[in-house]
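Next, two complexes with subunit A in common: one pairs it with subunit B, the other with subunit C.
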Partner chain A sequence: MAHQAHAYHMVDPSPWPLTGAIAALLMTSGLAIWFHFHSTTLMTLGLILLLLTMYQWWRDIIREGTFQGHHTPPVQKGLRYGMILFITSEVFFFLGFFWAFYHSSLAPTPELGGCWPPTGITPLDPFEVPLLNTAVLLASGVTVTWAHHSIMEGERKQAIQSLALTILLGFYFTALQAMEYYEAPFTIADGVYGSTFFVATGFHGLHVIIGSTFLAVCLLRQIQYHFTSEHHFGFEAAAWYWHFVDVVWLFLYVSIYWWGS
Partner chain B sequence: MYFSLSELRVMAEDIQQKLEKYRTAPFDARFPNQNQTRNCWQNYVDFYRCQKALDAKGVDTAPCDWYKRVYKSLCPLSWIEKWDTQREDGTFPGKI
Partner chain C sequence: MYYKFSGFTQRLTGAVSSSAYSPQGLRSNIPSESPTIIFATPTKLVSESSAAVEYMGGNKVPDLQRIFQASDEIPVHLKRGVPDRLLYRTTMALTVGGALYCLVALYIAAQPKNK
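The block that comes next holds the complex of A and B.
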């Protein structure tokens, strides 16, 4: 039987890229079908296929890395580059929405009354729930760092506690933000103010949910002894993503909630 | 910005001279670029603010006519009509 004479991972053939691509096709065409023919079947099918793809693809990566030992140092380095590049692409994604916000708010048009916030808009008080949200996310940044150090120091129980706390703080943020959305005196349809506010904060909220899910998966893995004190890249990737989400919030808070009021 | 009644009278005389010599909107360094939308908006709003302020004092609103001349020179007629209608309806978004 031949053995590989290198430290890299030649991945076995996998159906998940194909199912992922099919899911993307079904979701996009499903969206169009929903808009024009009022049927959500195709889109729902695409969504289910997407969820199945994500679950199985990532499950396979965990099998390859944690159980089969394929994630050697050079492989892990590649994964690090990958995560960094992905987060960078997300930075550019948000940069676009910040561009849109500043374009409209720095030179408010006559239709808005030549002022920002526009005439008729009562913005949220930045020193109420939004400030609490800032504290919650900053605290979660501390707890996730605590979790990291706990893992590195082999403190199993503390790692579980601090990771769980981080996730709870994430849920608390999401709950507070959902309540803010419900109670807000303006909607997404309220001119460019509503558009920039809800699209930017909305995508951020989605990323909080994604980040919380990623951390929750790490919690389950930590409980099941997947991580060692030397090798826990899945957790590190989740922590990087979480810090990124926190930083985006800080920019949102200062720009839209505070300066924009 | 508050002026005494005598200062207002002197300014009114200067304004009359400026209004007589008026040809078109002069260069305004506050709006140096090609897009003059803000110039139109500012003068429109300034005219009605000036009128409101001087009316409240019970003083002649003639000095305000400078702003009127400028916005009449600069603004598209459709904008003026739209904003005039909005003011009548109470839906004008600017602060007057």
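The block that comes next holds the complex of A and C.
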């Protein structure tokens, strides 16, 4: 590697922004083609290209950080700001769904029967599976903190076990949510109740799946000795994301499942 | 105006012109060769240092660091050799082929039968 007299990361030219942009073009055009001509070829092509781009781009970032040592303190600072801004944007994304929910539920229109939950809707009991889900996510917040402290103290075995436990709790949550969806007495087509319920909890579920994947990548990296007790930002970003998902669930539980029933 | 990198605030600050010739706060009478980057390796207890007791496999990070830090001017996405090139070419072929296919599909979609 060439000698450089500063701490910043001068990145190599990368093809992934281009392949990612084309993947987005193929997926959006593919969606329109699917709607009009019932062919999913272009959309599938775009999805494969997106997955290939994601794999190789993030693989390169691991190479740059863990194997080439480019993630110096000022570079890590940039990564931290990036992750904070990303999570902030996610907060506003969910704020929109809460806005829709409260707009509809605080002053229910005559068409809904002037009440919330609307006439004819039997909501889920918040003290059955949703309460268990709350406990599962809170427990996973504990285990991810246990994993963080294990990494910081160089406790390799404990870090692997607690991280694996966190991911298992994430999968348990997803499985319980899938079961709830299957058993729910209303659908996404059942007026504004169904729409706000399934869009908000559905996007949350998607975020749980993404967070579990992020943590699973961290588990594989931990097994392969990528994290040191001083430098493990990839894990920290995953933990921040996981806590964010956890907090969104608490708001969903209190607002939509509990107060909204 | 000249700038230098402040190790305390981690950002650029103003500096006198001479510092442009000795950046990073290096003093001019010291050779400007940067120190070799030191990577922290995971802390290991003495009892764990023999390969037999490694929990879930051994540490290959130092070997990978050697591979990826080789000065051969190869960009990071191709540094691993044949598997990297294979994956890169597949992705690029899909990108170019997909973009062309997409343009054709959109052109056809823009020619409705019932004008």
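What to note about this one:
Keep this in mind: the second predicted complex is superposed on the first by the 259 of 261 C-alpha atoms of A that agree within 3 Å, B and C clash if a C-alpha of one lies under 4 Å from a C-alpha of the other, contacts with A are read in each partner's own complex, and residues count from 1 in each chain.
What we mean here is this: a contact is a pair of C-beta atoms (placed from the backbone, for glycine too) under 8 Å apart; a residue touches a chain by one contact, two chains touch by 3 or more.
If you're wondering where the values come from, they're calculated on a predicted model, not measured in any experiment.
For the composite obtained by overlaying on subunit A, subunit B and subunit C can both be accommodated side by side without a clash. In the superposition on chain A, A:Ala139 contacts neither subunit B nor subunit C. With the two structures brought together on chain A, the opening angle seen from the C-alpha centre of subunit A toward subunit B and subunit C is 150°, to the nearest 10. By the touch criterion defined above, A:Leu50 reaches neither subunit B nor subunit C. Contacts of A:Val129 after superposition on the shared chain: neither subunit B nor subunit C is touched.
By the touch criterion defined above, A:Gly120 reaches subunit B but does not reach subunit C. Of the two partner chains placed by the overlay, only subunit B lies in contact with A:Glu111; subunit C stays clear of it.
For subunit A, the partner with contacts to more residues, out of subunit B and subunit C, is C. In the overlay built on the shared chain, the residue A:Pro13 is in contact with subunit C alone; subunit B does not reach it.
When the two complexes are overlaid on their common chain A, residue A:Ala5 makes contact with subunit C while staying clear of subunit B. Of all C-alpha pairs spanning subunit B and subunit C in the superposed arrangement, the closest lie 39 Å apart. Subunit A residues in contact with subunit B (one complex) as well as with subunit C (other complex) do not exist.
Subunit C contributes residues 5, 10, 23-24, 26, 32-34, 37, 39-44, 55-57, 59-61, 64-65, 67-69, 71, 75-77, 79, 87-88, 90-92, 94-95, 98-99, 101-102, 105-106, 109 to its touches with subunit A in the complex. Residues 107, 109-115, 118-120 of subunit A touch subunit B in their complex.
The touching residues of subunit B, counted against subunit A in their complex, run 37-38, 41-42, 45, 79, 83, 93-95.
If you check the complex, the residues on subunit A that touch subunit C are 1-7, 12-16, 18-19, 22-23, 25-26, 29-30, 32-33, 36-37, 42, 45-46, 48-49, 52-53, 56, 60, 63-64, 66-69, 73-74, 77, 154, 156-157, 160, 223-231.
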